[in-house]
Amino acid sequence: MSDEYILETRGLTKEFKGFVAVNNVDLKVRRGDIHALIGPNGAGKTTFFNLLTKFLPPTRGTISYRGVDITKEKPAQTARRGIVRSFQISAVFPHMTVLENVRTALQRNLGTSFHFWKPQSSLHSLHERARQLLAEVGLREFEDELTVNLPYGRKRALELATTLALEPELLLLDEPTQGMGHEDVSRVTQLIKKVSEGRTVLMVEHNMNVVSSIADRITVLQRGGVIADGPYAEVSRNPLVIEAYMGTEAGELQGAH
Amino acid sequence: QISDGVIKIGIMNDMSGLYADIAGPGSVTAARMAVEDFGAARKNMKVEIVSADHQNKPDVGSTIARTWYDVDKVDAIFDVPTSSVALAVNQITKEKGKAFINSGAATSDLTGKACSPNTVHWTYDTWMLANGTGSAIVKTGGDSWFFLTADYAFGHALERDTEAVVTKSGGKVLGKVRHPFPGQDFSSFLLQAQSSKAKIIGLANAGGDTINSIKQAAEFGITKGGQNLAGLLVFITDVHSLGLNTAQGLIFTETFYWDLNEQTRAWSRRFAAANNGKYPTMVQAGVYSSVLHYLKAVEAAKTDDGPKVIAQMKAMPTDDPLFGKGSIRADGRKIHPAYLVEVKKPAESKGPYDYYKIRATIPADQAFRPLNQGECPLVK
Amino acid sequence: MNHAAASTAATTATPAAGGTMNAQRTAFAVMAVVFALAPLVVYPVFMMKVMCFALFACAFNLLIGQGGLLSFGHAMFLGSAGYISAHSAKVWGLTPELAILAGTATAGVLGVFAGLLAIRRQGIYFAMITLALAQMVFFFCLQAKFTGGEDGIQSVPRGRLFGLVDLSSPWAMYAVVYVVFIAGFLLIWRTVESPFGQVLKAIRENEPRAISLGYDTDRYKLLAFVLSATLAGLAGATKALVFQLASLTDVHWSMSGEVVLMTLLGGLGTLFGPVVGAAVIVTMQNYLAQLGAWVTVVQGAIFVVCVLAFRKGIVGELIAWRDRRKAK
Amino acid sequence: MSATELLRIENLHAWYGESHVLHGVDMTVNEGEVVSLLGRNGAGRTTTLRAILGLTGKRTGTIRINGVDAVALPPHRIAQLGIGYCPEERGIFASLSAEENLLLPPVIGSGGLGLAEIYEMFPNLKERAGSPGGRLSGGEQQMLAVARILRTGARLLLLDEISEGLAPVIVQKLAETIRTLKAKGYTIVLVEQNFRFAAPLADRFYVMEHGRIVEKFDASELPSKTAMLNEFLGV
Amino acid sequence: MTEIFGVPTQALFGQLLIGLINGSFYALLSLGLAVIFGLLNIINFTHGAQYMLGAFTAYLLLNKAGIGYWWALLIAPVVVGATGVVIERLMLSKLYKLDHLYGLLLTFGLALIIQGLFRNEYGSSGQPYAIPPQLVGGQNLGFMFLPNYRAWIIVASALVCLGTWFVIERTRLGAYLRAATENPQLVQAFGINVPRMITLTYGFGAALAALAGVMAAPVYQVSPQMGADLIIVVFAVVVIGGMGSILGAIVTGFGLGIIEGLTKVFYPEASSTVIFIIMAIVLLIKPAGLFGTQK
């Protein structure tokens, strides 16, 4: 059981002074899936993410990761367990080179992060791995660029590479394609597909093209509660979902993005 | 013989801070006058005066002292208010074998634990203030006290010494309260003093603290209520800035007042003329007479070597228009009379700086701490 | 806002940190030689003062330059360390090296407590909190018995190093201060380049991201703070022996202001800036001593000018100038 | 053409500090029409809008709003010429409640929508009226950002990526809103990533590339332009 | 009569009242700081100097022009506010694009300059300033003698605080201010003249400081240093209240005044540190301060 499902929430609930943002959600994420979380605005998707990553404490309910209850852990802890999130806005270290960005993530496992007496050269051993990761997201040739100077799409790619450096087993992506031009969208979509090999991905996404093309499973939230759950084909036909989320004008359904 | 031909005098004090008015540029003026009156030119002795601001910081002070002695060939340092700086300079002077004649600092350690063959303490010190004010007031009827004490070494010392005197001369201390230093608002402490019903409220603090406590005492009608304030360290400048209205009735001790006699008046007018109208404080007067005496000693000893001059200064009696005849003890303490003064009512004052009524004169031999009580290694 | 601090600091720092290592090496060599030979021409006590403050400023700079945190209360470390080393040398009769050690350690411990409180906020908040904490320490030192209130601890014996070398000779003393300064400087330099330094930079750049990468950022900031405090303490402890006194001056907030001034003038976040800044300010104070209150006016003016027109500071401007030359 | 010209931009250059972003943009917008500004990421569309309001660093060229030269004016005076701006990053004020956000922009012209009208257009907002702006969800913030400027009676609306991050239902709702506004005679500049959203709404299109206008055409020519659009936008 | 920890309740009332009086000054000063911080995100280190300037303006008005307290109460804030406006236009306005720490450093420098200049001119020992004739004397409240002037201080500052709070939290102008605090550019893009708003706000903050200065003149010495140390305490007050929170500044201002007052009775030695200790505790429990919001 706990090895079929990598992440499991039971009765997870978040209230903000009276207002229920996430309403007793039972979610099971199967290991190896790309699991999409969709829903109308204000449904509670981001909040749900924040609960999973401990940026918010739940009001009620439990989160278990590979059978272990992690409800009470600190953000940094869950990160070290292998649950890593990306932010709705791109998160990079602007005044470091692309390579250093990735290296910063790798460095943690070295366990020398508090050693203020060690020379920087002690980090060079990490460069090879860093370059591999950069290659994976197609940033190999940018490794010495200062990150500020990268265009938006590439920043997202870099962010992904940094995230991968942590060897995450579970990737949490909040609207990974937001604010991207179409070629960026397709690049990142392929990227996600690619990196999901041997990993589990849980993502919030409004872009139906993306969802339909790569999601194995979809959960639809509305007003904090789950209204549908299943493979895309099935869910997208669910009248509740169409009414609450996709909208009636079937023509524009696909066209939403 | 005079080292490299000139007698170089350094006036080091606070030129801009809290003590700028009691010492500051005024002290430099006083020193100049002393050199004049001594007639250095006539006796073709070359005397130079340099001055610096120690900003009341011991480390600034000691750097200045060191450079003065090592680099600028200064022979003697004068004035130096602020005990911390004074003690630092005292020690360096001893190290470098120069001379240090202090006028501005209050700490009686200069002639006690820290006394040195290179140092003379000229004008006043805490013991003398405590003793003068304490005993004299008790004698004149103020026999129950409450202390308002600045909560740091200096305040504690003043309080300790005064309390001793008060009890010794038959008065009693009803209570005391320690106020933060520097303080802004003293009203709550004053209320405590008031409810103690003590006849005398002793202000064991200095500068702004004293001024503010006096102001606020007036405001809360404490002085009107029949209690008297005794300042343990008050200068004429403080009275000046408080104004008679607020300060009237305040009692404290000084060793110099411009209106003592013809000589003091004459000199003070000269001084005021040179010091844009401001009358001399006892510190500035002290600088004048100490420089004068120092030069006489140099002349007599025919050297400006520190210890020798100091020894000479101690050997010969002092005599000058401001402090009259006096002497310097083995421990370096300059001995002269002290005056218990009370601030006049506005009505009684004939004009600016006519501030004091002399309530009592404490003869020189009683004014200062007895030689044997100072724990000064020099006196065995 | 903290991030902005970072970028401003970073932009000045990157030229120094990145790329031109050898430039820094030569600069260091020059500095080492200059300080070694200076006492032959300049008054030694003055040079020692410069070195003490230079180390103090470097320690302070470690925090703003790497941590992006501006402390407005660093005097508390300089001062308390001074008091402890003075007290332990005078009253307990410890040998100088032990006295310095004691002082430094105290500053370190104080740093832990102050840090735990201060690092919870950033930017201006941090500045004000450190300032307030320092003020607390000041009042403590003012009232505590052993500090001698405003008299300070006077005539502190310099004693014999390891019970052998008599430090009352200015040369011996100078040698000690020199070694302390160089060692402290090298340690700071290394810290900047170390793995730890990298993490600090990351935190400064984007803290939430650093957290999400699994870094417990507060602990890194705390370590940075404690390091800075300890080194500031080292400077203070040494200074106390040099001047043979410890006084309130070194715990007063105006001292905290001075170290900011030195660093700002020399160049925030640059390696050598604080040293240059300290040298300039100390010299100024020495030669303007006669000017009295004008000293503060001049200092204030320097602040204003630096902030308005000269933000990179002396060294920062030099680096910028060099890079522009390179660019051409 | 006959229609009165509301906005005219000629040879507009704009900089962010050192970096020169707009290299001579030319475009005109007539009273009552909806104009869409298309382009890739970083093409310079947001910058164009910001430059119109004087929110970029340096800028040169001519910008005429109702015939008034705006280049010389500070942002608030430009806005008072009757412009409503909905920024890409939404710019919701976290410390103000949703309603305060809604009521913040001062009324600068007649004929703005009433609060009631707005709330019926965006029910979510009514629901969250009391809660601090910073607490709103991404989408709610987006709706608020649009709603906010409909009150002020500004006649020229500059909308930057308003369909971004919205659920399809809401996107459809916004499309209707735009039509309504157009019917009410508003003039709208629509910066859109999402071509399919803009396509049915706009009367005319401008395509940007590297800070220049590279194409302009009417809705009627749309079919014939798909090839070109594919090339520029990868639609 | 009854006692609390050996202190007669009578006396205690007196002490509470006194605390309240000092609190009024804290409140006024921290209010000014909070207002400035709110909109400019600058810790106005010059605040202490501006407080001093207020007092000196009153002093000079009296001695150079024979203009008395009540007019000074009006003129001094206007004058100092005006200088504030100049400072903002000429200097601070150049710094908004930069990190706020630069604002702190600049104002710190300005404070040094102003205080230094006044020290050169007037020395450190203070100048006297008499209590306005209308307010000399006082009421005997039985448990204490309350000088009329002190009573006036409490009333006046309470009024000023309330007024300011109302304007900022409850009016449209206030909403603009709060919005501009977050995103001035956008607010300006809505058609509001933000630069002027900022300038005036700084001027207003400075004026508040000056007002406190004038009120302080008759009670304390008018001296160049009068603001220097006080301001640090006020900083602590602002931190405790929660930076930028108007209400926080006011409430903690008065509250801490009282607490400090009580400390002076029960454990005077700590009265200079108590505020900082409280700050430490508050920070441990609520890093954003009592009324602050972590941002």
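For reference, chains read A, B, C, D and E in written order, and residue numbers begin at 1 within each chain.
Note that a residue touches a chain if its C-beta (ideal position, glycine included) is under 8 Å from a C-beta of that chain, and two chains touch if they have at least 3 such contacts.
In this text, all values refer to a predicted model and were calculated from it rather than measured experimentally.
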Any chain in contact with subunit C as well as subunit E: B
Number of steps on the shortest touching-chain route linking subunit A and subunit B: 2
Most distant chain from subunit A, judged by the mean position of its C-alpha atoms: B
Most remote chain, CA-based centroid, reference being subunit D: B
Euclidean distance of C-alpha centroids - subunit B vs subunit E, Å: 37
Whole-Å gap separating subunit B and subunit D, where each centre is the average of the chain's CA atoms: 77
Between subunit E and subunit D, distance of the C-alpha-averaged centres to the nearest whole Å: 44
Whole-Å separation of chain centres (CA-atom averages), subunit C against subunit D: 51
Of all residues in subunit A, the ones touching two or more other chains: none
Overlap residues in subunit D, where contacts from two or more other chains coincide: none
Touching two or more other chains - residue numbers and ranges from subunit E: 116, 119-120, 269, 272
Every chain pair in contact, whichever chains are involved: A-C, A-D, B-C, B-E, C-E, D-E
Residue numbers on subunit B that touch subunit C, as the complex places them: 15-17, 20, 51-55, 57-60, 62-64, 66-67, 70-71, 82-84, 87-88, 91, 107, 109, 114, 151-154, 156, 180-181
Subunit C - residues contacting subunit A, complex: 6-7, 10-11, 14, 187, 190-191, 193-199, 201-202, 205-206, 208-216, 219-220, 223, 227
Touching residues (chain side subunit D, partner subunit E) in the complex: 53, 55, 74-77, 79-80, 85, 87, 91, 93-96, 100, 103-106, 108, 152
In the complex, subunit E residues that touch subunit D: 175-176, 178-179, 181-183, 185-195, 293, 295
Subunit A-touching residues of subunit D, taken from the complex the two chains share: 40-42, 88, 124, 128, 131, 135-140, 142-143, 161, 164-172, 193-194, 196-197, 233-235
